[in-house]
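My structure is below; once you've seen it, I'll send some questions.
Letters A, B, C and D mark the chains as written, and numbering starts fresh at 1 in each.
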């Protein structure tokens, strides 16, 4: 942020501190995001942040390579679905089930990502639109599986059976936060470091900044593109794995789409200006905004959609201030 | 007020009468016990989890949740808050239920069967139909029992079902209306609308196409004058009140089932004559149908007629 | 006092000053435009010629100075204002709409009367046809511009002015894309316009054109006017000296061609993209140390040929061999590994990643090789050190290896490209307009580096739109016309008229 | 039906998909797609990559209900919808055109804003969550065509459709004509082709693009109004339900040409209507949901392979 960039948030803080009504709202917000008995809400926030972080990193990998992958939702859902399938049906010991499910999730998400790029390269359906459209069949397929062949009939819901207890990702005692956060944080760290310190990261970045340049320098741009989309989809799939083996312990129809995780991931990356180390911060901020807005609503009756409005205005404000977060798309 | 009751809805309450009854029930119970009432609306799986947790965290004495969406959540959350009592309405955790969870469930198929009978008797075309939200076992309690009821009184009756589906199956009047229009075009002249928030769309279709409707949960008749025959009544509000009474009386981990016999399920045509006359429903002017329905209801209550539970069948 | 203070002049600029950030683009510039006169405006790259005309035309705001014209005083508010006052400008880069028809291109912005904004297309077509008939143009009105050759596009620009009844006609480097013959025809037409009483301004880098066709010449250097005199009173040599501030020694060029064949092209056809005309056949042998110039008007097939040489586009048929090894199917990376260096024409997109740092640009192509990488990991200290080394050796004006390439001036940007491509001791250099848009000092520097590389044995394919520099550097010169090699001339046979004829397609 | 739950429909129930109400329903699905695509086409031709059609539709749907409810007249609904669409367009124009914000970022921002704002206002104005319906919401008039009514096959298709359907149809030749024969249309195409060139001719491309974005806002809002005060008379959150994205696909496929957009919108409207009906074949509802999007990919692949359109993304 520039120096001017701090003025708006600071002014907002001052306003909140001075007006009693606003202060109550702010306290409700803070409690909703961080408070609660045994800091329960903080753990909830982290649990949400973990999934958002995974999705944001998935988006980052593709965007860094200049590939506008809006298909995170489908990749996330297919990853989750693959994980659930393995989790329910693989007759293996717990740790092996979890590992196989993780592998299946990353492959499923990654292949779906590559499909979007193949549509672009092979059939000229622009990636932006193709990846977006691929979300719908993926989500509906998952919905069908969860509603029919894989349904846990007794539960009365459109959801699969539960993952066997031994294979689940453990939870931190007394919280809903599971060990999946180790996975997403590790992936984020790897992605941030690889961006700077590996040849692969360098090539992806050059391709994103200047595709003609990368080609003219003899970088394997075709392969790089597919690798980037595979990685992007695989990270989304991995995030789906953590949701199924951690948070929900099964695949529940709509559990990954209704909260708009994929879109929030994109927005987090845009707001972070595509600077890798800022992305985890942005993901955390969005998790705080979401859980905090829920608390604000419970305490002060302010609709939690106000958080969404604030986010949208922030995006528009950033876009209008000429700091285009999209590489090579700025003025 | 030293006690607080919380109500966490699975979806935005909006105009969903079922969820509205939950709110009415918690407020009535709170009044009766001089307690505070807090209503929290959820919209996603994650927010359901957060809201239930927040309610327990806030020190709720009783947390009431409505709908099957909460099973997993309560199974995880309830053990963390032993001082809070949880009540799931419309759903239960059958195995290894934690001590502080009680359930109140309904036999919706009994009332749906009666609606099928009403439709079977009223249909001139011998064609009836159901529009329901989404193809899940729970909703087959409505769709299957309705078809069974229609055939019970008029064996030649054809019955068809359509699902609303879409991104928002429990609150999508647009799609509900399209399905109803299609069913009407196919010749159905009585349509059972079990779409929760989509019912309004079915009523619009009925007004345009001239078919009649049977409804669920509450009396919708005034909303579509001259088009609604009859409706089931699901006394969610009363059941919440009764269940809270039992919890406060010290009962733990109980499962209460409500059907026609217990008065938790009902139908407008089963109301006392005076109330029925006031209801605005078409069935009030069809005494011969009312008589048959009441007869069937009596058989169900005394056990001489059993309505198969589609959820148990699977 | 409009009119009074302008004896004989249609407009008069006084004391114009203009800055772009740290660049002082115009310094106290004054200029009169006189009806009936063809004025040549010359100066090296970046001297401020285009900026001055943009100020006159209302496209840029001056910080100081004034404009008097025959209808009043004060700068034009915008282009519409200038056009309304009878000013017309053909811009350095074509300002045409590719997907619109010729007629639409001419009338946009001056659609004429019509109820509720309706365009009376038939009436406009009649007017445009009348204008064309009067000045001897024959353009198809309902063809899309995309489908027309370059010289025709130039004519559309001029018809646009005439249709708007411009009394002051400004052309910014109109001859850069024309053959000498086409340029001659253009000047004849401009002379006709001047004779009708219009004021004509031509910006050009080609001094023979100035001495042959202009009445008056204004020379700019570093944003200031350094000379304003009748062409009759000066010479091409003097104008050149005025432009750069000193005499220019001709490039010292000796033939270093060695034995053997470095690059062989056999019946090469480039794969055309959608809407492109085919390029080929091309047959060539290039020896180590030899510099092959490639001339041709813009769009004669240089781009596809270069892309095919470096592996960016496949060959449709034929063969490319380097040192006797067939590389027709090899990709860019393989060709680079075999010793190819490539200076792309579009340095902002293909030559550089302008949003990356100087050092990251400098190691591109070798990012995975020692010392810049160890296994899959980059060695950032080595990368930075290499950047610093290039800055020192090539005198690149930058704050350091971490500076964004976008923030360097055009000449310094190009120096990064040249430095990077020559750093690997290449065996074959493909240089496409490497001196385009850079100033004269940098041009000499880049040309000297290319000569040096040739001296140490590299073969050079040198594609340029400037005949002067082609004549100065080439051992042999290939002329492309419409995708075919029209002529292949030895240095001794180079003659401007002959090359011009070949560029126009004559044998 | 899959999943082991016995079919409720009687065996032998006749599939009924080609009945009269089906054809009557098609224009209801076509109208919003057509209006939104025409709006998108304006932007496309003027060189604005507006993928906020979805959000603009949603805003229009909401304010149509607001206007219709408070004025108790459909004109009030249309007026409010158009005003809100223009406001959304103005916001886009300010950030995306005047301040030069990236189209994709601005569009994503606007889509999120639309979802949040309509949900927020639903609560603030009507104190409702999720959905608002009320008998006081006046619906658009339907135009009966007495003559055509009699013709057996065309009757239901054309008679009794909303005013917006006819307006949308009329817009197709009007826009096609305007883009070539009207000053503003010509300048729009010029602005999309080469904005710098347009500026040198004394026309500010920003101004032309602003007009295009405003126009797309108004048209998308009308598309939303068709959803909320004609197809039904209520508002639900997320009511546009992906139709704005289908419109984006239509615009790209047709390179913003109104005359091509009409058949494309008819096609996708037909698919949409079919998807709702396809359950009679025993197809799982999820399959019919995915159908339009899968087809969109297929159609785009074919269309874009055939014609070498420049697709700006």
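Here is the rule we use: a contact is a pair of C-beta atoms (placed from the backbone, for glycine too) under 8 Å apart; a residue touches a chain by one contact, two chains touch by 3 or more.
Just so we're clear, the structure is a prediction, and the values are computed from it rather than from any experiment.
Visitor: Measuring between mean CA coordinates, which chain is farthest from chain C?
Guide: It is B whose centre lies farthest from that of chain C.
Visitor: Report the pair of chains linked by the most C-beta pairs in contact.
Guide: Going pair by pair, the biggest contact count turns up for A-D.
Visitor: Measuring from the mean C-alpha position of chain C to the mean C-alpha position of chain D, what distance in angstrom results?
Guide: Chain centroid spacing, chain C to chain D, equals 46 Å.
Visitor: Between chain B and chain C, tell me the centre distance in angstrom, where each centre is the average of that chain's C-alpha atoms.
Guide: 77
Visitor: Quick one: report the Å distance separating chain A from chain B, using the average Cα coordinate of each chain.
Guide: About 36 Å separates the centre of chain A from that of chain B.
Visitor: How many Å are there between the centre of chain A and the centre of chain D, using C-alpha atoms for each centre?
Guide: Here the centre of chain D sits 29 Å away from the centre of chain A.
Visitor: By residue number and range, which residues of chain B touch two or more other chains?
Guide: 43, 134-135, 137, 314
Visitor: Scan chain D for residues touching two or more other chains and write them down.
Guide: 3-4, 242, 284, 286, 289
Visitor: Taking each residue of chain C in turn, which ones touch at least two of the other chains?
Guide: Residues of chain C never touch two or more of the other chains.
Visitor: Every touching chain pair, please?
Guide: Final set of chain pairs in contact is A-B, A-C, A-D, B-D, C-D.
Visitor: Touching residues of chain D toward chain B in the complex: what are they?
Guide: Touch residues, chain D against chain B: 1, 3-6, 8-10, 13-14, 16, 19-22, 25, 128-133, 227, 231-234, 236-239, 241-242, 273, 276-277, 279-280, 284-286, 288-289.
Visitor: Quick check on the complex: what are the chain D residues that touch chain A?
Guide: 2-4, 51, 91, 94-96, 99-102, 104-106, 108-110, 112-113, 115-117, 119-120, 123-124, 242, 245, 248-249, 252, 284, 286-287, 289-290, 292-294, 296-297, 300-301, 304-305, 311, 313
Visitor: Which bits of chain D are touching chain C when the two form their complex?
Guide: 181-184, 186-187, 189-190, 193-194, 196-204, 308
Visitor: In their shared complex, at which residues does chain A touch chain C?
Guide: Its residues touching chain C are 196-200, 202-203, 205-206, 209-210, 212-220, 327-328.
Visitor: Under the definition above, what is the set of chain A residues touching chain B in their complex?
Guide: My answer: residues 32, 36-37, 40-41, 44, 48, 147-148, 151, 153-158, 174, 176, 247-250, 252, 254-255, 258-259, 291, 294-295, 297-298.
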